[in-house]
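Here it is: the structure, laid out below.
Each chain gets a letter, A, B and C, in the order it is written, and its residues are counted from 1.
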Amino acid sequence: MFAERSGRSEQSAAFPRFHAAMSRHSFSLCHAGAVALLGALTLGGCGKSTGSPRPESALLVAAYDPARTLVLEANKRFLSDELAAGRTVTVRESFGGSGKQARAVVDGLGADVVLLGLADDVNALADAKLVKPDWAKAREGKGAPYTSTIVFVVRAGNPKNVRDWSDLARSDVALVAPNPKSSSAAKLSYLAAWGWALRQPNGSEIAAESLVRAMYGKAVVLDATARGASTTFLQNGIGDVLVTWENEAYLARDERARAPIEIVTPSASIVAEPAVAIVDANVDHHGTRALAERYVALLETNEMQEAAARAHFRPRNAEVLAAHQREFAAVPLFTVEETFGSWSAAKAKHFADGGLLDRILEARR
Amino acid sequence: MHTLARRRPNGAAWAIVSVAVAIVATLVAVPVGAVFVYAFSRGFDPVLRTLARADVHSAMGLSALAAAVSVPFVTVFGVAAAWVVTRTELPSRRALAAILNVPFAIPPVVAGLLLVLVVGPHTPLGYWLAARGFPVLFAAPGIILATSLVSLSVVAKDLIPLMEALGPAEELAARSLGATPFQAFVRVTLPGLSLPLLHATVGALARALGEFGSVSVVSGRIRGETMTVPLLIEALYGEYDQTGAFVLAALLALVAIASLAVKKAVEAAVARTVNAEEVSP
Amino acid sequence: MSSIEAQNLVKGWGRAKGLNDVSLRIQDGALVALLGPSGSGKTTLLRILGGLDAADSGRVIFDSEEVTGLASAERGVGFVFQSYALFRHLSVFENVAFGLRVKPRRERPSESLIRSRVTELLARIGLPDHGERLPHQLSGGQKQRVALARALAVEPRILLLDEPFGALDAKVRAELRRWLRELHHDLGLTTILVTHDQEEAIELADEVVVLNHGRIEHQGSPRSLVDAPASAFAREFIGDAQVFDGLVDGGVFHLGKLRVAALAHASGTKARLVVRPHELRVAAACGDTANGTIPHVAFLPARAKVTVAVDDGPSVVVALARGSDESEHFAKDQRVAVDVVQAFLQAG
């Protein structure tokens, strides 16, 4: 409900501009006549553009799907803050899978600020020279203003009695998960399963490998994105257990009052650290750096930390986190760095072309 | 003859008909019906609210714009291509006929990726355009291009077999009566194709409005700006706004059904003239 | 009205439907039939004469004016196509008016002139009340007449017809043939028509040109074609000719038990017999005089066609005038005596 309201007010702010552009198109098209395509090619640029210089007052935020409600609320606050400071601005937003959004920005989507599921997706922007290579240091390791983790969603009453990671390997449990090749949530789920297996008594690389092999070798659906996997599990009713972001799980629970589901927190999981970054190349091109800086600063305010908590993200701010502690299951969390050394090491071993994941997926065929 | 044709169906015939009806019902009628049921499952208010949303309006506008540009374009292209393939002796016409299959053969997503490779901001052409304030990718031009690309051959493929069957006799007759090539085309070829052209254009329109795969690659998914109706349907569905998604889906389904009806009516009209031709002694 | 001359026309040398050095002269006002089997090049010749197709080499001359490079309209040629090729979307009236309406502005007749000319033509083809109909509402014969009127509307010097009656049934064909003959008589327009039907060519034309493999095999009056074909092909092509290869032995050509005198041929040489059905004779016979059996008899309105299986030889078809007692009594399986009254025997 909340999301929808803020969404609408947000879009109406952007709408008049677009509408004006549309009517200009149709007018010009009448004259363009038969050479319509070429006409539209050039006309398209006059109204709206994502790559060309724009007035300082317009900001494009590209975010990963799960951050949708949070971003819409942030945008709403940002607009009113700016207005209070005497500045009229517009904020537009684009949502999609984390990896897909990173790809779109690399391909030229003119986002000023990105909020992505994995720091590694921002690294892809740095590799494309759109973001400064030391972006993480510059933000003092702050990343996003919140963290999350990976949990399980099961059908009401947990009929398959799924309790922990080892249950996902059971042959009678139909697993729905995003595909780690494309989804940041899935990469983390995979690494969480691995890390959990290492931490068990007699845990070893071999045990870890057989767990992820069992999980991804037999998953009934491997969706491209976390949101896609949620849709498969919840709306299309496929599978016994969904492995996904904690906030996705809570959001699904809120939305699914009619067909209840339960959230199962495993005995240990991984810290998910989404990343926020200013796309340096784009803000410099658009002249929107100051605007982007203010936007990112807003995300770290206590109000937005509260909003993050309401959107079921674990706030970074200790006070805010403490205030919401009982809403989040107490679960031992480990980081990618302490388990795998570094993101790039984990990626090289597991997710690179020809890596372990490829071999597991290959074996499915 | 008639007694044979009107023979009472036996058990096997009934069984085959029943299976066919059952398959059509399960695969087509039930899902299409369900779209409408879901759309109105919470009454009229959510439907009206969905239809009043600004992002819905913008998606409709963009889809309409993409169709309004791509349909005339692929129609003009289709007539020209069909003419070259069926009415000229150009050595390249066989190559052209083969190339016309490409937009059908490549998956729409690949078509979208091709556009990224050709007019993306990192390509010379894309850079040149963007530098002049006409970005193609992640803006309306890219979406129009993607739509045009995937439906490029729709009209040509519809017309070629027909023009092949009709043969060049009417154009030749026009030329022999003193018409210039242009007069022959405008006064004979085009009017003779009016119904088939309507048929093909409606097909192109349906394809343009429903295009998802290629547009999804080049859209950038900016709400209120670069979302087409099919993209918005997917987004709304993913956002747990089932009603919204199904209202828009029902709208697209209506357009599809209407275009199907137009196509069928055109086919019937064509069949009538052909039958009359055969009946006359 | 014009004379037509073709000089050394070549198109796709050696290929099917090609022309291999064709020269032809047609008199002013003649009605000429181009006759030949399919693929013989007759339609190609017509299209090149009409300017719808270009020859690889050679010249076309109308009267004494070279028209080789001119388009059909510039040559003043009216063309009627095998499939009628009426404009499906235009009314009969507009079909006929088409050639007048596409004329350049300064040559175009006024609307009232177009109206009177089209009305006159529709009356001439016997369809005065069909102006508002669409082509698909006409019968095949009516369509063909409209196609003719359309070609005549631009007042051509020469009328070219490509298999004009090909798609019609026999009765309508005969009717239209007569009508075309009358029309030609009235207008005196030099007319060339392509046909694969020898009867049509012979009945209709003043002059018949027989083509085969892109060459002219015979050109002359229909009578000369029937009575004195200019080539072996023309001879074998005309009049249901039956062709048999065999050996000459002691002045006799042997076709099984059927014998033909061959005094001019040396013993032991091969020869080819070309004989038409009416050039054979058949009589009831028994014992030694019989040399064949009847497997089939067909009684047509004016003749009976008797097939005779010659003993130790091939089957031959014999045509008899109906009416004589004998002709009415032939029956299947009857033993008969068959012999050749008149035939052409050429050295093989």
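Convention: a residue touches a chain if its C-beta (ideal position, glycine included) is under 8 Å from a C-beta of that chain, and two chains touch if they have at least 3 such contacts.
Values in this document were obtained by computation on a predicted structure and should not be read as measured data.
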**Request:** Could you draw the chains as nodes, link the ones that touch, and say if you get a line, ring, star, complete or other?
**Result:** line
**Item:** Pair with more cross-chain C-beta pairs in contact, given A-B and B-C
**Value:** A-B
**Prompt:** By CA centroid distance, what chain is farthest from chain B?
**Reply:** C
**Fill in**
Per the C-alpha centroid definition, the whole-Å distance linking chain A and chain C comes out as 82
**Item:** Distance from the mean Cα position of chain B to that of chain A, given in whole angstrom
**Value:** 34
**Asked** Whole-Å distance, chain B centre to chain C centre, using C-alpha means?
**Response** 50
**Request:** Mind listing the chain C positions that touch chain B in their complex?
**Result:** 50-52, 71-73, 77-79, 81, 83, 85-90, 98-99, 102-103, 134, 136-140, 147, 150-151, 153-154, 169, 172
**Message:** Give the list of chain B residues in touch with chain C in this complex.
**Reply:** 167, 169-170, 172-180, 183, 187-188, 191-192, 194, 273-274, 276-277, 280-281
**Prompt:** Which bits of chain A are touching chain B when the two form their complex?
**Reply:** 3-4, 7-8, 11-12, 14-15, 18-19, 22, 25-26, 29, 34, 36-37, 39-42, 44-53, 60, 62, 65, 68, 92-96, 104, 107-110, 227-228, 230-231, 235, 251-252, 255-256
**Prompt:** Mind pulling up the chain B residues that touch chain A in the complex?
**Reply:** 53-55, 57-58, 61, 65, 68-70, 72-73, 76, 116, 120-122, 126, 129-130, 132-141, 144-145, 148, 220-226, 235, 237-242
